[in-house]
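Two complexes follow with subunit A in common, the first pairing it with subunit B and the second with subunit C.
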Partner chain A sequence: MEKQYKTIGEDAWKNNVEKVNAELFIFTYGSLVVQLVKDYEDYAAVNKQLDKMGYNIGVRLVDDIMARTSLERCSGFTATAEVISKVGFKLFLNVAPSVASWSADGKEFSLIVDDNPLNDFCELPPKAVQDGLWYSNVLCGVIRGALEMMQMQTEVEFVRDVLRGDDTSEIRVRLLRMLDEEVPASDD
Partner chain B sequence: MIHALFIINRSGGLIYHKNFSQHIVQLSSNEALIFAGTFHGIHALASKISPAPKRDTPRDTGIQTIDTKNFRMHCFQTPTGIKFIAVTDLMQTQLTGALGKMYMLYCDYALKNPFYNLEMPIRSEMFDTKLLQLVQAH
Partner chain C sequence: MVVVYTIYIFDRHCECIFYTEWNRGRSPLSDDSAGRPKSGKGPANTAHAIDRAGTHLSGDAQRPVVWPTSATSTAHRVSPESPRNTAMEEEAKLVYGVVFSTRNIINKLNAKDGPQGGNPGGFMSFATNTYRLHYFEAPTGVKFIITTDVSTTSMQPVLEMIYRNIYVEYVVKNPLFNIDPHVSTPIENDYFRAVLNNYIREISSNTAAS
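What follows is the complex of A and B.
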């Protein structure tokens, strides 16, 4: 099963996706974050804003994955995790973070992003580290937005980041509940 | 050949409607909206009454085609709940490929347009043009 997602992701990435210059992408993201830091002057607010932006990206991007691949409905949250890593991340960032640290109830997992392309060329100033800036927080929003469109309400957050001196970057995804399949018809 | 296309959003609202041939009557915008709402409801019901035998069989995806004496209607629902509905002649037995391509156009020219609001009607010239090309090439 895992293998199959890997193939789907790689095929779609090779044949079906337009590529842009990675440096252009990384620098654009970098200047976006720096601008937010200047505008808000508060790292917590920047985190929040990045998450919000990501959410708005995620709710649109998820259709892109579905249109470009022939994925079946996931059999469970375990499969969802694999798809996020092997297809989602692969398609847009060309990395496939490993899925790890499942909670006992199977509703929580971590994505270990060893080589987050957004981090390239970036060094956080000590003040940003100290005040808790999660530089790539946009990714959390993207995952949350995308899953919400697939009827899954989640909480997504960074727990470790190499930019902050940790040994690896880790995104924690927590499934809160499944939203109703169809919007019920209004009774009026 | 494809006579017409409807796109219906997650809550049953019509977000796109276009005729591609003279052989089809132009519905009034009100009629088109009613069609969208009604179809949305029937589609949802159809997946409910599906006699799915076991728990682990995947949910029914609802109506896929409707046949009449003169035309066939094809419905493709994306995992996010958007429905693409095409009206074709009876020669057209399978339309999944073309509808999938329309889904891609929707992603590229509606969703990726920062000024497009989700769930709202699609008013994009580029989308119109590309769609027309796709239908004509079909």
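What follows is the complex of A and C.
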């Protein structure tokens, strides 16, 4: 099963994706974060804003994934985790974070992002580290937005980041509940 | 030879965000008595909305009419007096009701029903004496419905193509399209309409496609 998603992700990445220069992308993201820091002057607000931007990206990206692959809805949250890592991250960032630290009830997992491309060429000032800036927080929003479109309400947050001196970057994904499909409003 | 009559697109909130028609004899959009406000009351009536949709991009006089536009949509009506095409709203609701219930009963018979919806039972089409209705549901819950002549049996590839290469490209990736997951927005992108129209023309004239 895991293998299969890996193949889907790699095939789609090879054949169906227009590539953009990685450095251009990384620097654009970097200047975006810098601009947000200037505008908000508060790292917590920047985190929040990045998450919001990511959310709006995620609700669109999920359709893009579905259009490029012929994936169906996942049978369970385990499959979802694999798809996020092997297909989602692979398609858009060309990395495949490993899925780890499942909680006992199977509703929480971590994505270990060893080589987050957004981190390249980036060094956080000590003040930013101290005040809790999660530089790649946009990724959390993307995951949250994408999953919401697939009827899963989640909480996604960074718990470790290489840029803040941790040995690896870790994104924690927590499934809150499955959303029901909307039914048409009745006439009476 | 495929004869396409109508296309409906419904979003996750059960709202019709796009409708267009070809070769359809009588419809709530062309029907004069339906839904239009009495003449003279406000310049923006249904005819105006159709004009807006029909112009631009190409001098093609045969562009089909579309509905809804932001002027007529239920969700985004600017003011209570804005024109609405009640007959069309009714029809969209009924169509949604039919496919929704059909899909649900099919899921149920397959023992694959659940509150998350989706189309695991594989509802593809149903036919009457006069037309066949084809159904495709994207994993994100957007529903595509196309009606054709009875003899056209498989439109699944066409619907998937519309989703993958037209809807995603021209609607989802259009930054101006408001994709707020909690509000419905009608599709008003002229490129989307033009590309969709061309594509339907193409399959209509291509005998090999059926």
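Definition applied: the second predicted complex is superposed on the first by the 182 of 188 C-alpha atoms of A that agree within 3 Å, B and C clash if a C-alpha of one lies under 4 Å from a C-alpha of the other, contacts with A are read in each partner's own complex, and residues count from 1 in each chain.
One rule holds for everything that comes next: a contact is a pair of C-beta atoms (placed from the backbone, for glycine too) under 8 Å apart; a residue touches a chain by one contact, two chains touch by 3 or more.
The structure displayed is predicted, hence computed values, not measured ones.
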| Sharing subunit A, do subunit B and subunit C clash or fit in the superposition? | clash
| Larger contact residue set on subunit A - subunit B or subunit C | C
| Which partner does A:D167 reach: the first (subunit B), the second (subunit C), both, or neither? | neither
| message | One more residue to check, A:L179. First (subunit B), second (subunit C), both or neither? | response | second
| said: Tell me the contact category for A:R60 with respect to subunit B and subunit C: first, second, both or neither. | reply: both
| query | Between subunit B (first) and subunit C (second), which does A:M149 come into contact with in this model arrangement: first, second, both, or neither? | reply | both
| Does the superposition put A:R73 against subunit B (first), subunit C (second), both, or neither? | both
| query | Both subunit B and subunit C contact which residues of subunit A? | reply | 59-60, 62-64, 66-68, 71-73, 149-150, 181-183, 185
| remark: The answer for subunit C against subunit A in the complex is residues 12-14, 93, 96-97, 100, 115-118, 120, 138-142, 163-165, 167-168, 172-173, 179, 181
| said: Could you list, by residue number, the parts of subunit A that touch subunit B in their complex? | reply: 59-60, 62-64, 66-68, 71-73, 75, 149-150, 181-183, 185
| request: Mind listing the subunit A positions that touch subunit C in their complex? | output: 56, 59-60, 62-64, 66-68, 71-73, 145, 148-151, 178-185, 187
| note | Contacts from subunit B onto subunit A in the complex sit at residues 10-12, 41, 44, 56, 58-59, 78-82, 100, 103-104, 106-107, 111-112, 118
